[in-house]
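Here chain A shows up in two complexes: once beside chain B, once beside chain C.
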Partner chain A sequence: MQQSATTMREGAAVPQRAATGGTAGAVRRRTRGGGVPVKPLILTLYLVFLLLPIYWLVSMSLKTNEEILSTFALWPQDLTFANYAEILSDPAWYMGYVNSTIYVVLNTVISVSVALPAAYAFSRYRFLGDKHLFFWLLTNRMAPPAVFALPFFQLYSSIGLFDTHIAVALAHCLFNVPLAVWILEGFMSGVPREIDETAYIDGYSFPRFFTRIFMPLIAPGIGVAAFFCFMFSWVELLLARTLTSVDAKPIAATMTRTVSASGLDWGVLAAAGALTIVPGALVIYFVRNYIAKGFALGRV
Partner chain B sequence: MLTLDAVSSVVDGETHIADVSMTLEHGTLNILLGPTLSGKTSLMRLMAGLDAPTDGRLLFDGHDVTGVPVRQRNVAMVYQQFINYPTLSVYENIASPLRVARLPKPEIDRKVRDAAGLLRLEGMLDRTPLELSGGQQQRTALARALVKQADLVLLDEPLANLDYKLREELRAELPRIFAASGAILVYATTEPEEALLLGGNTATLHQGRVTQMGPTLEVYRRPVNLITARTFSDPPLNILPVAKHGPTVSADDGTVVPLGERIAGLPDGRFTLGFRPHELSLRPSDAATGVLSTPGRVAVTEITGSESFVHVEALGQRWVALDHGIHEVSPGQTVTVHLDTRRCMVFDADERLAAEPIVAAAA
Partner chain C sequence: MQTRPVNQKAWFLVLPVVVLVAFSAIIPLMTVVNYSVQDTFGNNQFFWVGLEWFDDIIHSERFHDAFLRQILFSALILAIQVPLGIVVALCMPKSRFWTAVVLVLMALPLLIPWNVVGTIWQIFGRVDIGLLGKTLFSLGIDYNYTQDPIDAWVTVVVMDVWHWTSLVALLCYAGLQSIPDAYYQAARIDGASRWAVFRHIQLPKMKRVLLIAVLLRFMDSFMIYTEPFVVTGGGPGNSTTFLSIDLVKMAIGQFDLGKAAAMSIIYFLTILLLSWVFYTVMTSSDASDRKPRG
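Moving on to the complex of A and B:
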């Protein structure tokens, strides 16, 4: 855990050096090879290409439609916040964010709270078929969501869950619970079993041990699992769009439907896109030191 | 009083503990001595109630506690690895069993500070365990075991992961710290030397069986069989297989071993002599009779400061001789080793002790 944290920090330091301390690197480079400072150049190019689409999106969102369609400019000539104002004042737009947030949060809470005991069982106990079951969990992620769109649509329609937030949240559990179980199991297996035993020897009951001792120990793991659930649920479009129509319509669906319906409102769409990036960026900030371990499913 | 009655433990068809019976009295220090995988930890886990035995019963003060989960038993345990709650402060780590028992706050505070004082952790109470040195982490674990005032305190190689200096310090303190509590203290170790330093009672374990149990010095001086003697000897016990024909005892190559009157009462047959490194000398013994002197080839010399262990090949065996002081003996050199046979343990063909040493071996 410690190690991955430092690696992440070092990783973060590299672009920083390229941006601020470029002169020192350049001097060293020049004295040796003479000529072009290759390393900072590559890094700068990389960062430019990485951030270009996001910059272009933000830049578009601050322009008027006329400007977007008529001229080519690297930055807004006629700065306007009207696009953002429209999104934040029109329920058809901002309810998309509200709906998305509701089912994403619901899904994250359900996934993590279901995955916690499951992961504990996989990490601490041996039972019939445990290894097969553990692997089988992950196979749920190997089918494209489209496979499940039809059965979910029919099922939810018939039991009256269609176009509700919980419907989307539950559908996303199909992908997120296995993922959360895998991530949490990795983090839990990093905690020595003797800590559990010491707690039992001290007299802790299982629920008290789990909430007071164990969960704080794997807090980074819970954070990372929650982040991954959030991320997958937030970006997933197909199931969310199939299972909703009006009341629980997600922002991503709102954006795509606007394209096909009332002509192209470039500026507003760009503003919606820019706003859609914000929650993910916020959440990732809190677990930035543990993301690498999360991608390795907790097994670093 | 903890009584183990024919306790066995079989996990996945593998026998971890086989038919162990023993009685541990309150206020005693009991040492489980055995090499790695001999079943020390398995036995402790059974005693604690962390695992249930496959067979047999555990009685605590006459009550049957077989299969009673550890939560309902009043035990404390310290592991070889430094196990603490990393997210809690040292104070909360020590207080943890008391908090669970819902003791009043002032009492918890008093007990925690007492234990911290005994284990010299006063200045560390606000830190978290991971900010402490290994020795301090293990002290924290010991303090937590101490405050609980458990009837049964299990210490599973608690000093094995500490450096030499700390180990000596804590080893001297441990029995004293727990003595006042009147608890049954069980201490597992792989080192015969540690058992001798701690005293108390020792049970030697070999492949899940208790080979002998009794006062530590008694077990050391009069092991009932060869396995116990081997377990309780570090460096390894020196062995010499011999054959007895009438009054003569000879090694396999015909060398006569002057055992004298000691084995007069024994029948003819094969025997094994066992003797510890300090009973084999590179210098002539001052004893008039009963000394076996034989040439040997030096294989390795280990110098440990004030003494040297010289590995020699003699009479077809690999022996270790303890030589006081540092002497330059180089590998390949031929030396004469002297064995005072009065100090040999004699084991019969079934590896049981047939004749104990006449001269008590110094610890």
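Moving on to the complex of A and C:
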């Protein structure tokens, strides 16, 4: 219901606004009157602040090392893709991206799939110790990875999972599962309980109801939860580096090690950094509508 | 919330999560507790020392300094990012196309691996090859984050603002989106000022998301490790050595297991306590706000 209202509002926003003049935008425009457009100005300044360092990284990745160190120019004078070519042709580099992607996807799938039933239980039922359990889960989101680095290393070495993708994926569950439960519980609480009851009366079994009716209803929530799991797993380095050495080494760790080994190859370093932004940018692009609508539907 | 039926079978739904998190949280935590009360001279021979390590840590100057730096850092981060995030959220454009563009651009820093964030700022701030460093230098400002503690602090704080303000802004924007247009229409009929609209309509509606934002930002800034480690390495001197950096130095660098374990436990308990305080304060003020309105 709420979702359809939101979509309708957004879809019909322009003609409606023109007709009634009663929307928020019109109020603000009227009270401010003419003068400097403050809001777009603030927003533009903020976006410039966000994009400048990224631009500098990308521009640096398109320069040769000599140019980086000798001349100072706002854009590459001598455009080169050699830095990217070096990364994409060397398995030691590009396997880092593959490894990272594997454990991030594994982690997202595991986190969301175990969190779904748990979040349903928390949002629909009371049971022995539910509040304590929920809080205990959240405390794991608060645990500093630095505390867990050494014990994780010993634990996964002792069960023979050291330097595997699954080890990193499981380790990242420590903070991603509680977060996924938290987000999904919020979205599920927004769905009226009458829907469940009606479905059970209609003879749906729990698994069928859950997958056929309930999951589509909270699809934006699943999208947002998956987005956050992907994000926190993709950006984490401390645990990922501690738990891997060769076979599952993430790209982030490859970067730190190569820098210290081969001196300061700024161009390649910048190119590697620029390439790590790409998967994130793709994911954001695909979930952009979920982010805006999804948050609003859930916890608010 | 109060009308949820009691159903003990719901435990079966929670079981996978409990097993998974227990495996990845309780076992390692027990290891830490084990180390914190024992000492070793190698050869895997441990003997009981009780609370000596805790005593050591609590009275060590090094821990006090790192702790104070950490508190100062988190306080600065919250004081800058929360208001800035709200302002940015209020400035979001109305048109659908521009909203999508701005959202995608804003979320970019959130999905950059943390060490790359460090690398970006390391490059950006360098006096010889960085845009920021070079610009400041040519303006006559003596800026060098590898030598001056103040500059190092400014760099680390600005980097974190760059990195995480978008998260606060995104959450606040979602909160603002959930306000029905009718509220604004009513405010307009009443002739409410811009500030009144913000204070009595937008801020209360954002309370829930702000709680999440403050908690997330507090927890994450309190355990920050990678970004300052890449940029400053905890230096110059120890001026940007936050708790996590100090802990890793102690545990992996010096292999001082007992001390590191004791510090881990104090560290973890501090985060728990402070998060609980934030949560309680913010939810109770929420409840007292709601009562008079019914």
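The rule is simple: the second predicted complex is superposed on the first by the 246 of 300 C-alpha atoms of A that agree within 3 Å, B and C clash if a C-alpha of one lies under 4 Å from a C-alpha of the other, contacts with A are read in each partner's own complex, and residues count from 1 in each chain.
In the analysis below, a contact is a pair of C-beta atoms (placed from the backbone, for glycine too) under 8 Å apart; a residue touches a chain by one contact, two chains touch by 3 or more.
Because the structure is predicted, anything quoted here is derived from the model rather than measured.
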{"item": "Of chain B and chain C, the chain that contacts the larger number of chain A residues", "value": "C"}
{"item": "First (chain B), second (chain C), both or neither touched by A:192", "value": "first"}
{"item": "Chain B versus chain C as contact partner of A:238, first or second or both or neither", "value": "second"}
{"item": "Touching partner for A:168 - first (chain B), second (chain C), both, neither", "value": "neither"}
{"item": "Touching partner for A:184 - first (chain B), second (chain C), both, neither", "value": "neither"}
{"item": "Chain B versus chain C as contact partner of A:104, first or second or both or neither", "value": "neither"}
{"item": "Chain B versus chain C as contact partner of A:248, first or second or both or neither", "value": "neither"}
{"item": "Contacts of A:226 with chain B and chain C, given as first, second, both or neither", "value": "neither"}
{"item": "Which superposed partner A:148 touches (first chain B, second chain C, both, neither)", "value": "second"}
{"item": "For the chain C and chain A complex, residues of the former touching the latter", "value": "1, 4-11, 13-14, 16-18, 20-21, 23-25, 27-29, 31-32, 87-88, 90-94, 96, 99-100, 102-116, 119-121, 123-124, 128-132, 134, 162, 165-166, 170-171, 173-175, 177-179, 181, 184-185, 187-188, 193-194, 197, 205, 208-209, 212, 219, 222-223, 225-226, 230, 243-245, 247-248, 251-252, 257, 260, 264, 267-268, 271-272, 275"}
{"item": "Chain B residues within the chain A interface of the complex", "value": "48, 50, 69-71, 75-77, 79, 81, 83-88, 96-97, 100-101, 141, 144, 148"}
{"item": "Touching residues on chain A, where the partner in the complex is chain B", "value": "192, 194-195, 197-205, 208, 213, 216-217, 219"}
{"item": "Sites on chain A touched by chain C in the complex", "value": "6, 9-10, 13, 22-25, 27-28, 31-32, 39-40, 42-43, 46-47, 49-54, 56-57, 60, 68-69, 72, 74, 110, 114-115, 117-118, 120-122, 124-128, 130, 133, 137, 139-152, 154-155, 170-171, 173-174, 177-178, 181, 189, 231, 234-238, 251-252, 255-256, 266, 269-270, 273, 276-277, 279-281, 283-285, 288-289, 291-297, 299-300"}
